[in-house]
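Paired with subunit B in one complex and with subunit C in the other, subunit A is shared by the two complexes that follow.
Here is the complex of A and B:
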């Protein structure tokens, strides 16, 4: 693990950098109490110290461990001054792009998003391969936004097929964009490339308008968060996460409870929970299947990040620094039979970093599809 | 120099130990092909502290071998090599110069282009003529999403660095061409660096250049002994998934995928790997993919040209048996 220098060079206050930062962030509000560092899940086993990062930013400096941040927003949630530290991290990363001082692999990620419209550098014509034999009504003003992971990742494709099956079961009219869908841009925003983020938002906004979309159901919490931000800025359609959409079907009596027995623990994805306050719908859906939900010690606003946000999916994390491994251990420790979550990133991180833990990892949609009735 | 200069087609043959980098021979083969269309002669040019390696180059069909020698040129030094080669180019006026896109080749090419005030097309993956005497170097842009054809219409030599492994080295033949050894005029001030000591990186390997890779994943349970044997018999390298790397079964420089190495082997055997996209993006450029997995539903089969459903142990043993030999 890299260490901070014992005797760092003296720092001179950079007025210009500070003014630029003050114009785009609210880092000036920080009074250096350090609550953010205490809340940060990386403080325990990485050299990142959020308080120090903010202080350095105030002096016009960039923290050496800026790119370790997963934008999980535990710091935002705990800051007594309401500093948007996640926003600050994105802004500081944006500054690094100007000097190309960015981690290996990220330029490739952005070129892929730019040219292929996805985060995997895979051909756009394969984007609809998740559908297989799924029948989509293909009409109405509701759009299912699948996102890159659930479009291309065979593991996450199962989530997309499950969500589609649930919507079909409840008789919802909706359309999908298939090969015309492009990336939501969240990964670009997370790694600080606001220009590409806005470009992709614009492409999606135009597609929504052309298709007469009034409501977007996003599968990934990352798409949900990014599209929500983009659409409210552009006066576009309402954006919801699939757990919210299916919860409404439950409330309107279009889906009824299953009779599954057993226990499940639920991991709150950062971009669904802390970033957007969606805590109850996934839990209600799990109960809909008949399973009993057992909570982990760190849940809801205190949930521990899987480690895949903030562009970390495209940067390698040394095993000792991975929160994902700790999180699976915490889940297994509840004694629950299953670990459910509602984010393709969380799932792929948990599958990869579970170590010797045998608890099956599943998405809420996968778990309830086939277990609930119309 | 202007576009009318034509002193033939030069190929920089980069020395490595007592031989040459593989890409040097690959571009020599390509140069031969282009020279027939252009009706010019091919000169393979080397830089070093002595001559003597020319006889190997002669087996790849050049019309001339030019050795630029000086005791100060024992080790690659961008500044000194660029002076040596640049001076020779200014004398002979070749219309074209091909270099391999190795670390040293790229270093040299950039310096030469500035020194000769000409253009440089870097890292091309294919080369052709535009119908006339102009070379078109194709370069993948935007991470492979598009290809750009780049020409150098006004200046000569037209310079290109070629990515290793995109052309086939020609078969060795009987020696051709004459050998000319030229002592370069050089002084200490022309050399930018000094070799203090040389320590090879040891086990470090480059999977991006392997033609055959045998990949093991979680399903191997860490039993890499037989996988190494299989890789050895196939003349290939061992690769691994992130899970196998994390478990310490294999070194991290063999990790394939989104946060590891992106490979393009001709053949890849994927053993006990589920097929998460974060892994498969690392083998998308492979020629033939053979997957072995116990689970017939494993997503890896969607990426495989040939799939074997079964327990790894027996499948690997039967593969080893059918390959024969010790």
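Here is the complex of A and C:
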């Protein structure tokens, strides 16, 4: 692990870089109150100190623990000065690409995204393998954007199939891009590679236009966030998360409540909750199944990150630093019978870092599919 | 130093099929990619240039559709790109390929190092780099994982052997084959994209290459595929046991040891 140097090199100011940072992130407004460090879920178990990271950035320096950040945005939410610390982290990481000072494995990740259009290094022709026997209407101006995880990861494919089943149940007309879909690019943005992010955004924007897409339903909150950012900038289609789309079906009476008994606790994915303020739709969907939702102490804007954001899915985290383990413990502590969330990364992290906790982990879509009626 | 990196565009190994009737690779359903160890060779060259100065030229032999891949190499960091392209080069085996590439290198002029990947994923002979060295009468080192400058204009190359490593000193010009996976190839630099798209990729045909026609393409290729048969894959045994991780580790170790005895 990197160590802070006892005798650091003299600080050199890079005025141009600093002005660029300040203009986009408000980093100049930071008065070092330390609220960010207090809010950061990594402060307890890792050497990352967000306040110090911002101070170093003000001096044109890059923090030694920059890559540990999960971009969970707890710091952004707590900052009294409105500094976009997540944006700052991405920009600082972008600078590291210029000097090729990036963690091992990330260039390989980006090569895969560039040439295969996914984060799994798998052929594009396997991208529709999630569909199996799922029937997609294949018409209309609504597009279900599946994303890399739900397309390729066998565990997450179940989420995609559940979302499609719910849309089918409600008689929604939609299309999928199948083998023509490419990565949303969120992983590139998280690790600071704006060039690749914009490249993939452009490929998607063109595909949306060609297909006459007016509305995109994203399965992963990461795709939701990235596509939303890209499409609103380009005047592209409206982008929603699947929990929002299905909530609308509920409101319009196209789906009716199930009669399941029991309790479930809900984990807010950072890119759905804090990044986009979507807190109620997933909870309403869980109630739709008939289950009672039990809240964890840290929920909604205070939800603890699973640890998979900010490109951390592709970097190794020492066991003692894994926030996922702590989060599953917190969920089990509520006494709920199930832990539900609405992000393929969160599920993947929880299932691999659950430790001795036996609480089953499920996606909201999986949980309600088969439990609600048309 | 002027470093030339030889680069081959190959079908993706996992997507290619073998046509048993024609004994040829069926590339129809396969996407193309820059050969994996050639990317390691390019990274070795760029890192060497970045640390010690010089220039990197990528050189490939192939049809015009290879050009975009050379532009990728330019966007990654190469300074110049040359494509040797002519129908007369077609059907080349390793001998004719190495002759053509060597002729290209000669035409470039002052070259200090020629870096190649250890082998191509579609040919897999590893013969081209040593053959280039022979045609150029240059020193050579194969299966190199590390390359640093030595004294008096030499280079030191660390070779990966079956039972260890060996560092050799070479006078230049030298031809080096780079071990696959010896580094992590840097990603595209989007700031170089405009340059990579507008840069001139020089295309040299048979006439411009000034080589001896009898050594080129099919005519210069003594290799013929005499036979081809399908080898059945060893099936997985798919045994599932429910034990503690420690027990599982000893169990796996015992299985490996047993397999080793059976094979030896």
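For this structure, a couple of remarks:
Criterion: the second predicted complex is superposed on the first by the 356 of 374 C-alpha atoms of A that agree within 3 Å, B and C clash if a C-alpha of one lies under 4 Å from a C-alpha of the other, contacts with A are read in each partner's own complex, and residues count from 1 in each chain.
Here is the rule we go by: a residue touches a chain if its C-beta (ideal position, glycine included) is under 8 Å from a C-beta of that chain, and two chains touch if they have at least 3 such contacts.
Predicted, not measured: the structure shown is a model, and the values here were computed from it.
With the two structures aligned on subunit A, subunit B clashes with subunit C. Contacts of A:199 after superposition: subunit C is touched, whereas subunit B is not reached.
Between subunit B and subunit C, B contacts the larger number of subunit A residues. In the superposition on chain A, contact is made by A:105 with both subunit B and subunit C.
When the two structures are aligned on the shared chain, A:315 is found in touch with subunit B, with no touch to subunit C. Judged by the touch definition given at the top, the superposed model places A:114 against both subunit B and subunit C.
Look at A:268: by the touch rule set out above, it reaches neither subunit B nor subunit C.
Residue contacts after overlaying the shared chain place A:353 against subunit B, while subunit C stays out of touching range.
When the two structures are aligned on the shared chain, A:181 is found in touch with neither subunit B nor subunit C.
In the superposed model, A:153 makes contact with subunit B only, not with subunit C.
Across the superposed pair, subunit B and subunit C both touch subunit A at residues 105, 108, 111, 114-115. Here subunit C touches subunit A in the complex through residues 12, 14-15, 31, 33, 184-191, 193, going by the rule given at the top. Residues of subunit B that touch subunit A in their complex: 142-146, 242-243, 246, 258-260, 274-278, 281, 284, 299, 302.
Chain contact summary for the complex, subunit A toward subunit C: residues 97, 100, 104-108, 110-111, 114-115, 123, 193-196, 198-199.
If you check the complex, the residues on subunit A that touch subunit B are 105, 108, 111-112, 114-116, 120-122, 149, 152-156, 313-316, 319, 348, 351-353, 355.
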